[in-house]
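Pasting the structures in now, so scroll down.
In the two assemblies presented below, chain A is common to both, partnered first by chain B and then by chain C.
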Partner chain A sequence: MAETSSPSVLRAETNSWFDRVPPAYWVLGVVLLVIPAFVSDFVMGEIMARAFIMGIIALSLMLLGGYGGMVSLAQMAFAGFAGYMIAVFGTSAITDISQGWPWWIVIPLALILTIILSTAVGWLAVRTEGIYTIMITLAIAAAFFYFTRQNYDIFNGFQGFNSVLPPQLFGVDWRGSYAFYYLTLFWAILGYAVVLYISRAPFGLALQGVRDNPRRMSALGYNVTAHRVAAYAFAGLIAGIGGILLTWQLSQISPGTVGIGAAIDVLVIAVVGGLRHPIGPFIGAFIFVVLETFAKDFLVTLGLSGDRFQLVIGLGFLIIVFFSPDGLLGLWDKFRAARNRDPLTGQDRGEREL
Partner chain B sequence: MSDVSVMTRGDPQTGSGYALELRDISKKFGALEALAGINMLVRPGERRAVLGSNGAGKTTLFNCITGDFMPTTGAIRFFGEDITVFPAQERIRRGLRRTYQISLLFTGLTVLDNVYLACRGVSRGRFSFVRPRRGDALMQTAEELVATVNLSDAINTPVSELSYGQQRQLEIAMALSGAPRFILFDEPAAGLSPTERVELIKILTGLPSHVGYIIIEHDMDVALRVSEQVTMMHNGRIFKEGKPAEIEDDAEVQALYLGGNADE
Partner chain C sequence: MRRFANTHPIWTGIIAIIVVILLWLIFAIWPPGLVDVIGRKKVFLSALFNGITLGGLYFLVASGFTLIFGLMRNVNLAHGTLYLLGGYVGFHAANITGYWLLAFPVAFVVVGVCGVLLQVLVFRRMEGEDLRQTLVTIGISIVMADLMLWGFGGDFVNISPPSWLSGPVETFFVTAQKRSGDLVYLKYPIVRIVIFVAAVVLGVGMWLALNKTRIGMMIRAGVDDRDMLSATGARIQIVFVGVFAFGAGLAGIAGVVGGTFQSIAPGEDIRFLLASLVVVIVGGMGSIPGAALGALLIGLAEQFGSVYFPTYAVVLTFLIMVLVLAFRPQGLMGQS
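Now for the complex of A and B:
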């Protein structure tokens, strides 16, 4: 314990945030910025951009699950709801329903409505703990899926909405592969940075306190329910942003996007990546998207039927979770701890990172 | 609750002049009567020990005072204010603190974060999305509290890596946060080494004189050295009150504590 004391105190005192960004992040940042010059439109749009979007949606679950100890299966429903709202109030091919309002009203309105919905769901869900939270949010996700499929007045039923496109802003076609890549990259980095920042702000610390010991938090003067509901509201905003981007990427929103399978995909992404740090959902999303995209080709290459691609995806996740219940982040921590250990004494060499 | 208005003694300005007043507190868990007719008056700044065998109702009494449970009957006043039906967080905001027998710490956070959360809990900005800056007053207070309980060396250590004794010290730092007026210590010395006990006695006797406390303690040496009043409990009732010296010499107390002819 003693060896960690003085250097870590000093590190917390380092002046600028700029100095505290680890070098690996700079490298990754540069790679992500220049990668469009080297890869095809398909990789940019279908893999990278999609990984960022799924990462953002899973990030909202990481915030609730990792910091708040609340596993919500309704995050995809919130994302889908935001997507539906931009279709309903904005423009789509379904002109009978879509209102065609300008983007600067539609996007904030969609996000506000999503926050209201997630706050209401959170207010219900925080009355439960553990597996019951999962059940109640799963029920809400299922209800939303069936509602969108059966309601034709607002959600246009089975078909949903197509031709839901991002606005033409600053003369840029945001649906273009480069522009859309940078758009999703921007929101992914912003979401990541904000969640990481908040984890050490009073709200985030309190949320982690609620996760570790709700009874003690209440004894310290915190309103535990209010903190949990606020976390749902904030997670709803993140999921909503992801949902809008997802709708633009697919240029459509339909019940299939918000089905139970999709809700579970978000959970799988977050768990495989790791729930302890906001980078986890993005790692998980990248692996998920790669597996989802190439599992079929992989099977065909092996001379098997491509129909069984779900099996490959499932096996991949099984292997990861089997070796590390903490996801890939957990594997990385194990690796680092092993490398840090002195082979002679078995003692920690005393290099620690947050 | 309705017959609390009979309180007339003491200073009219603060209601009664007592830091803590318990009137006829009882608590039933189904058929089990954990507390029965507890009356206790504690002056501001008073240091009192509550002793008794296991199952005497000491921790239940603490839970009723802090709002972890509601008492079945009776009234609780804190500095003259009736807090009987207040939720726990309202009592904390009025300056009541406690430590727990089993450590209830935030194991995923560091020592400093634990104390910081305790300081933040009684101040504004609990929902703030802005990180505390360097030199933030609350952060400094938290660092000082960590130093008070001799944990400065482990300030950035995750609580899950602390030794048991260090966790007990951290409990005390958290109870001291945010200008407490009255603290309930639930067996702070349990599981501590002899050296750590000496440190604990130093910390307790070194508290500012306006801060009163009640301490539940099995170790008579510790309990009698840090208190000026002693309350003995048995089977959910108070059966003796007095100065430490009187209690120490009391034949009945000795019989109970040494497992003699107690009626169990």
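Now for the complex of A and C:
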């Protein structure tokens, strides 16, 4: 989408921002806004809202991995940490631990603590590069999982917290399927727009420069480490928002939510969608959630055992990363490039209006 | 060692003091005051020995991982899967044939062949693409984990050692003194001792092979500069396949050892993948002595942690990793 929009941006520099929004956004926006009128509560709550939430968490990984070149497996841990903080400082069924503070303290506090955690982890992780980053963040995610499972004073151990509910605000029950759908949609769109904005803002451009050639950026006077750590901090904020929404959706948080499998799921989502554009994580999340929900039924209809749905997801992931390292977005680009190629000369016919 | 002592006199002193304290703790009969503070000596000694033997197991898994990474820069996140596969293969081999010892070569060969397949079909196609290798091996481990759950079931599997290796043996370590003046000696499972000795022998053998043989020379040259090695005419692809097969085979053997030590179950693959990650991060990527040191440290930390502060045992392991990363990012024995 970004690629198609860029020529029009150049052409219409003087127009208002309203005219510059590509038509595809209008179509998608209208579809997402009116969809609740046509689908069931289950589809809204369990598929759409969950896809938005997982998309937000994967978006934070996309920001780090796509623009920063740092693939972090700790994003689910940040999300889970924010969810835990909501439960610890807000209200839950575990009244011994939960402080029961009002939401306008709890939510900012949870997000600030998450940013501090992700900055600390980022500071540790940016001391390493490439594959080492993946291993270290995986190890940190595992450490957080085991810590929450064994700590009973703050994280309530194996059981975690249940009945963690969103606040009753403006007289709206945010647990209701419509309200929650629009809540997640709002944050997904906001996250998408902010990440897209950042990618073109000076900070994002410098971050992409750091990804492509850290030495040159450093020679130009940019502080490479600070940019990377700042990217971690910001990704932590996005993951934290996703984590709070996830906790509200499940109305509970437990070590199982932040396990190693979940950390890898986030990676799968981001990579299957594509790490080069912020729409990728949402595409990946939608496909993942649909597969997660229906793979069992699908296998049963084929006459196979429904227990093997992990196998279907794993095989799908394997096939996509094996053939297209850029995920589905990469496949789409390949397809477009092939269509644009002139069959006689084999040369690119240039950009066409699609 | 002398060079280390000359360049780091303070560290050498600290290490020497720790070693002396440890030796005293191991061999002395503890005075009652000490027992009141940190518990009985028997608990301490078992934690120590369990830590050391667990370190031996971690070394077996991690040395293959670090060898493959050091030579080929291949990140094999399916290494834990190879471990688990080795355990299952060894279990069935031992059950069918009835010989425990036969489980080792069978697991080595089967898992080694899997490693060759991985190298030829996956890693050779995406040389130098770190992220893609990582993702593909994660995908493989997800698929394999589910296939193994399907094929071998979800139960805990325990490989039982033969009768001549079962049961405890009395060691010469004194744990306490009775009122009558008799000394109480520590009893320890013989199978753990045998396996630990085997791990040490294997480690020393690997070190000798790497440092004293022609093939070892080629591997070390490949670790330092792959392109120059292939330019001198060495058949580098064959070396790669060989090292990958050997590293994978070691993971398979480690699976059998793990199945005898503890048990094999779904989820153990992730646990041992993480363990080998932490071990090689602490010890230094691509270094066999580093893997040995890291494995020993992590094994000890896990066992002492679970005895003396059970709530935070796992966190202690990661704390070591964080400290190493913060002060020596290349690992304890890694080259900067």
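Convention: the second predicted complex is superposed on the first by the 338 of 354 C-alpha atoms of A that agree within 3 Å, B and C clash if a C-alpha of one lies under 4 Å from a C-alpha of the other, contacts with A are read in each partner's own complex, and residues count from 1 in each chain.
Here, contacts are C-beta pairs under 8 Å (C-beta built on N, C-alpha and C of every residue); 3 or more make two chains touch, one makes a residue touch a chain.
Note that this is a predicted model, so its numbers are computed, not measured.
Visitor: Once the structures are superposed on A, label A:131 by its partner contacts, choosing first (chain B), second (chain C), both or neither.
Guide: A:131 sits against chain C, while chain B stays out of touch.
Visitor: Where does A:198 make contact in the superposed view: on chain B (first), on chain C (second), on both, or on neither?
Guide: first
Visitor: One more residue to check, A:208. First (chain B), second (chain C), both or neither?
Guide: The first partner, chain B, only.
Visitor: What is the contact status of A:220 with respect to chain B (first) and chain C (second): first, second, both, or neither?
Guide: first
Visitor: Does the superposition put A:230 against chain B (first), chain C (second), both, or neither?
Guide: first
Visitor: Quick check on the output: what are the common chain A residues between the chain B footprint and the chain C footprint?
Guide: Touching chain B in the first complex and chain C in the second, no residue of chain A appears in both lists.
Visitor: Can you name the residues of chain B that touch chain A in the complex?
Guide: Per the stated touch rule, the residues are 66, 68, 87-89, 92-93, 98, 100, 104-109, 113, 116-118, 120-122, 125-132, 134, 152-157, 161-162, 174, 178.
Visitor: Help me check something: in the complex, which residues belonging to chain C touch chain A?
Guide: Touching chain A: residues 75, 129-132, 134-136, 138-140, 142-143, 145-147, 150, 270, 274, 277-278, 281, 285, 311-315, 317-318, 321-322, 325-326, 329 of chain C.
Visitor: Which residues, counting only chain A, touch chain B once they are in their complex?
Guide: 1-2, 4-5, 8-9, 12-13, 197-198, 200-203, 205-206, 208-209, 211-213, 215-223, 226-227, 230
Visitor: List the residues on chain A that touch chain C in their complex, please.
Guide: 71, 124, 127-128, 130-132, 134-136, 138-140, 142-143, 146-147, 150-152, 260, 264, 267-268, 271, 307-308, 310-311, 313-315, 317-318, 321-322, 325
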